[in-house]
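Structure first, commentary second.
Per-chain residue numbering starts at 1, and chain names A, B, C and D are given in the order in which the chains are listed.
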């Protein structure tokens, strides 16, 4: 996990260890504090959008926001200071997220009404992943990604089939139900077909005619049933990835697929 | 993937390569352009059904429609020209879809008000599969189809059980809730039972009596639970199909589909 | 599949073959005709409950009902005639269903207004299973049943956990939201919790307070996530049942788990 | 399952056997009676919250409540009497639940209006688990717990991804739809995103703009698809746990958890 950096200053080395790594007590404490800070600041942004809360605690929330911003700015500065190639860090995905976490507050001084800028601060929630990235969860996430990547073609076929289904079934419903029952256009009917196929079912648009309800019933049963397909795909792929990762080959007979805690080959008994 | 055609004219050969295959740069470019064209034309048909859009950009959309139609017609002609047996192509499933993609626009000149014809143009979306068919996705789709075919009997048993459940539970609800609470007939009650069992839950019809709500709760828990059955079926079948495909060939008889831990061919007994 | 019956009369034997078995052309034709008849009669009962249809085609439907009833009665009589132990058949599950399929129509002459009796006729839909029971689907259904039976304990633990969750979370919501927001009693709140946990979501009752919505969000995420548990249970059990069924033991090394088409042991190469 | 207790009094021993164990007829009868009592008392508490029932049978329900409370109190006393370390039992999780099952009724004499206290009685439903705990279901439950524990890291990654998705997509919807369409604040929009992603779909808040409906459609498809991830995780883990449990013990070192096709112990290399 440790990036091979040339270390020159003991202070920078120490800071790098605390900020970027998590195998020292100080590093762990830093990570926990950072996650708490991120979650608090996200919660503050969310609460600020509730009118009744803004009326009452608006000033307090704005003060808190500035405190968070200053802390994140200091952190961003320290990160820039203690990595070997600051530019590369600044241009990386998480470097951008770190910058976007502080910029909107500063810009809001110049452009007071910019509601959109404030929402960008919610991207801070992504920073949680940068912290997790440094610890043991990375491994698990990468297994999941591998399984999803290995099944991306099957998933593409599946998604295309679903899209074709909703376009064709949605426009059929447009012909059957018509604008009088809320199916005012094909895009809206396709939207309804997606709401139904994914079993969300808002009920803001619902078929009224008998033929429409019969077709809707068919869409529901299809939607209910084909969820089995992506589930099957991911399960099979995940089980294969797990087996591959955990298996070293036996030096005696070449067999693979040994459990991670195996000390001897289960087929020929040679030591692994 | 390449159909064994007797080639006579270099131009025809070249065209066949571009239109029907995708292993040359020109063939790939053709496929990508065709997919883009198909998606654009589908989007245009969908947008035309939105009244506010039709008011504003109606003329532009109709012009675009004619451009798409002419391009697809040229493509259809070229396909007919460069295959060896044009009639067989014209009668094939994708030949019909290719024709249905252009016919409605021409017919709409003769029968101006025919809204239904216009919707047929949406079948163009199926043409995406004909393009995909020619590339590597075919393999994945066929694995999925194999798994679904292998489990078709179990799925039939499952679908029949679900249909029986919704008929019996739906008519029970008709007796319990009655027309006063929206359950006006048995077909409508069965429709409600499908909406509930598949966990769609529009809420346009919902039980009001205590007994009805108790029965509805049971239907929901059943629907929530039995989704596990098709998922299990497809997963097991998919994992078996995958294993069969990934196996090595037997040096003795050439049979495939051996388990990863097999040491001897299960058909002829040769060592693998 | 063939019950070991002592045959005495050639006519009875022939009838038994046609009615109870499906390996002769006549037996197959009988099965297909019976399924068609069952589905038609179920459809007629369902249509009769729609008021507008009853107004128009009421007489025709009642006539059809009598034709179906007479045909089913003849079939019931023939079944009684050609089995060896008529009483045992009459008392069996499917014997009762066969009787319930005809009784209500006769009783409706004596008790004209008995709507409940008419709905009992819908149990005819169960007769489809008696036909399916005789053909190859039986095997698949029994595999599914085996898998479900093998996992019944795990499923019981799961169902109890879900019931405890909805009772506790439902009564919490009763305290939080209260009668003013539609949560008028604990049973109703538990009903709402089931609607939410199973991801049905009618929307007839929905939390209005912030705290209620937060708790509802937690229930949703739980419901969305724990569906993985029964799915996992059934998948694992189904895959084990499949393996057990298809596997005979090797006479050479005793290994099990061979594919159904295996001719030689994959571990030691002995002929199976 | 049997706790190694020093037994001194034959009566206490006998009581311990009946109350805490279930391998004698008396112990089994006690368990069944207790489960029935628990379910009845839970049902009484639930019914009491329905106004129309309370009006009519209020006195009867209160009488029943006192009978249940006295019985549970006697049971609690007996449990305290017949375990070796009463304090340790009283402080254990189920000891607390046993106390909470009786306390609220006594307290309601002192604090008559305390509705909250009454609802605490519903925690009695947890006592069902204490009974189940003593029988064979324990094993199955522990398998499920093992599988869930083994996959807790992957599930954490998944839950964090879902939370990030709903925060970002929810605040996007807040910007797109705005307070006019019911998306009055970011927390409310996030609540809507959870309702949609988990495919619950109440319909109390639903997007009205075209852009909002397009984004909602994307959220639905994501929610419909990623359910495959936890399902795959749990299935793979459950199948691994099952395999480990069903394995035979090594004659060399006694280790368990060998694969069904293992010929040698993976820990010490002895032949199995």
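Worth pointing out:
In this text, contacts are C-beta pairs under 8 Å (C-beta built on N, C-alpha and C of every residue); 3 or more make two chains touch, one makes a residue touch a chain.
Keep in mind that this is a model prediction, so the values were computed, not measured.
Of the chain pairs listed in A-C, B-D or A-B, the one whose interface repeats that of C-D (more than half of its contact pairs identical by residue number) is A-B. Counting C-beta pairs in contact, the pair that comes out ahead of the other among B-C and B-D is B-C.
With each centre defined as the average position of its C-alpha atoms, the distance from subunit B to subunit D rounds to 40 Å. Per-chain CA centroids place subunit B at a distance of 28 Å from subunit C.
Within subunit C, residues 187-188, 199-203, 223, 227, 231, 233, 235, 239, 267 each touch two or more of the remaining chains.
Taken in their complex, subunit A has these residues touching subunit D: 42, 45-47, 49-51, 115-116, 119, 122-123, 125-126, 128-129, 132, 136-137, 140-141, 143-144, 147-148, 155, 159, 162, 187-188, 191, 194-195, 197-204, 223, 227, 230-231, 233-235, 237-239, 242, 258-259, 261-271. Considering their complex, residues 153-154, 156-158, 160, 163-164, 167-168, 171-172, 174-175, 184-188, 190, 196, 199-203, 206, 210, 213-214, 216-217, 220-221, 223-225, 227-229, 231-233, 235-236, 239-240, 255-257, 267 of subunit C touch subunit D. Those residues of subunit B that touch subunit D in the complex are listed here as 199-203, 231, 235, 261.
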